[in-house]
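There are structures below to look over.
Each of the next two complexes has chain A plus one more chain, namely chain B in the first and chain C in the second.
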Partner chain A sequence: MDKEELLAELKVIVTPYTQDLTALEQLTEHTDFIKDLQINSANLVDVVLDLEEKFDIEIDNDSMTKMLDIKSAIAIIEEKLAANGR
Partner chain B sequence: MTNRVVVTGLGVVSPNGADLMQFRHAIRNGVSGIKKDSQLEELLFSCQIAGKPVIDQKRILQYFTALELRSMESTGIVYGVIAGIDAWKDAGLVPAHVMEPNWDCGTIFGTGTSGIDKFRGAIYKIDELQIRKLGSTVVAQTMMSGVSAFLAGKLGLGNQVSTNSAACATGVESILMAYDRIKSGQATIMLAGSTSDSGPYIWGGFDAMKVCPYKYNDRPEKGSRPMSISASGFVPGSGAGAMVLESLESALSRGARIYAEIRGGHVNSGGQRGSGTMTAPNPEAVQRCITAAVRQSGVQSSEIDVINGHLTATVKDTLEIENWIAALGRKGDDFPYINSLKGMIGHCISAAGSIECVASVLELHEGFIFPNLNCEDLHPEIEALVSRDKIPQTCIEKPIQVLAKASFGFGDVNACIILKRYENG
Partner chain C sequence: MVGNDLVDLKLAAIESNWKRTGYLEKIFSTEEQRLIREANDPSILVWLFWTMKESAYKVLNRMTGIRSYAPLSLECREVQIDEFSASGQVWHPYGTFFSSSVLSKELIHSIAALTAQELFGISVTYHKNVLNYLEDYNQSSVSYSLAKNSMGLPEIINRENGITYPASISHHGRYLAIAHSGSLRSAG
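Presenting the complex of A and B:
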């Protein structure tokens, strides 16, 4: 799965939690979950759970704390997918 | 400083009417909300009938975001939020501005449990070592104050936001707590009410205590029989009732419709002393509660036109009548009209008091006395105490001035409120 596809998948996953829909329209690698998308910080764990389910990976606590924007999320997903041999 | 307190908005989610309009029609016409419950049957409950509100899924979307609904497993919060927001709108009020709450508006919204289905799911996940899969919504739905927190967020309430719990007296207590807050000048408008979860995990404990009827599974509408010789226990119910309380000054200044005035009330406990226990009321405490409520309200007991009883359809109904007689000093022909909504909707546990208060306020405002269902075979001990015509079985159209409503709960707790028709002062 290339970056463009990952970005598209991520966009679908964060949509229900996003409060700033303009920022969602302009989603890039540099979009911050809390600052730009205005996702309630409590909902970040739900985003992580949805990602885990979608990509069939497990995101540990350390990775979760690093996942603040789209870029870091993509990096972590790619890392976990690679570890799974995909 | 003490303020007079009036009711300016009503909202209700009841087994026999999931909004105010349906509810008004149902209580005037004696429409039962008790139905066979297939889930209770599958789970081998003795009592397989219940009173459960029926809410259109599309309507729920008007009150909750899609995200909130995605993980919503708290029927009590759904009922409470719908009833509460309806009451707010009915009072002609709108949510606070997005940047600042209404500092003078708060809520006391009671419940006995919260999100019991959510709790069940969370417990299973934890025991299966899946704690990391709980997500973020367990706390907000299972904390008792979840319902008041949801309401406060949706309406932008900046005064006291809290949840009370006093078993089946919860609903009347919440209204009295909100009343006190306005009366003492600490708030101008309070959303008061209570809610109760649906389903086997809240009703199961009562079924196990054998306090629910098991002989009416094939005749659900006949199962809840307050004051009847054939009463054999209370039918479990659920839902929510809500009302907007407001200082008279505030209501008049904004030209709000005034449904009724809250003249006063009292809450107390029998302390589980004398014949009072966890489950049985201490009669002296019940009588003191009623007497104190009447005294505090400044009305004479002779002025009370209607009693909306607790009357759950157990062996304690006669004792309740005896307590009203002792507290008011009135009996036979002189006894006020008395009715119990539980014949139509069962016992909605922590929501009972608030739903029944909504019915009481409608009676005062519109001038009617709703009928008692299923007491055509009136208990002879009750008939010996109160004239039969004071226990109506068809709706009576009649202006009424003063209504007393009481609720009594496990833990030997009592609450009584005195409501009065409001007529320009």
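Presenting the complex of A and C:
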């Protein structure tokens, strides 16, 4: 899966928790979950759980610590998929 | 340094399903989970512990400048709860934070500081959560103004003498709370 596809999948996952729809339309690697999309921090857990389900990966606590923007999320997903040999 | 966090319980009931598989394990320690599961009203403890952690994180973030999403690095300890309030500590490798909370059917609000003395010195005002809360505050407050500094962090300023206090703003659903250190009454 390339970056473009990952970005598209991420967009689908964050949509239900996003409060700033303009930022969602302009989603890039640099989009911040909290500052830009205005996702409630209690809903960031849902984003993490949704990503785990979608990609069949486990996002450990160390990885979750960095889960603040699209760029980090993509890096974490790629790392976990690679570890799973996919 | 001051941190605060609030949860509008009506909105939280709609937008967060903490009963979802894996949810509690991602943010609460084994002991916190045990207390939540054994509580008469588990959702109160979920949001009490959550706001305690978030308020402590806000202090930590402001002191260190480091952003992270690590709710498990903070643990609520020695929490005493009665009908309308709670107090306790939030442990973190960096240091232990002192916290106190207000509980109602509508909202849970927690404040935190690194010392008990600083915690007792925190002033809190509650407002409607509106987009233009800065202007709202500045139009209604005679003695103090609210502004964001060059880092985008909120500050309360005494209009008379210009003394500035770091502030913490939290908003969710219907409510907005502003917390700051330094007694405003004695500041003039």
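Things worth noting here:
Note that the second predicted complex is superposed on the first by the 86 of 86 C-alpha atoms of A that agree within 3 Å, B and C clash if a C-alpha of one lies under 4 Å from a C-alpha of the other, contacts with A are read in each partner's own complex, and residues count from 1 in each chain.
Methods note: a residue touches a chain if its C-beta (ideal position, glycine included) is under 8 Å from a C-beta of that chain, and two chains touch if they have at least 3 such contacts.
These figures come from a predicted structure and were not determined experimentally.
The partner of chain A that touches more of its residues, comparing chain B with chain C, is C. Within the superposed three-chain model, A:28 lies out of touch with both chain B and chain C [touch as defined at top]. Contacts of A:84 after superposition on the shared chain: neither chain B nor chain C is touched. Of the two partner chains, chain B and chain C are each touched by A:45. Residues 17, 42-43, 45-46, 49 of chain A lie at the contact with chain B in one complex and at the contact with chain C in the other.
Residues 7, 12, 15-17, 20-23, 26-27, 50, 54, 67-73, 172 of chain C are the ones touching chain A in the complex.
By the touch criterion stated above, chain A contacts chain B in their complex at residues 16-17, 42-43, 45-46, 49. Only residues 17, 40-46, 48-49, 52, 61, 64-68 of chain A touch chain C when the two sit together in their complex. On the side of chain B, the complex with chain A involves touching residues 66-67, 70-71, 132-133, 135-137.
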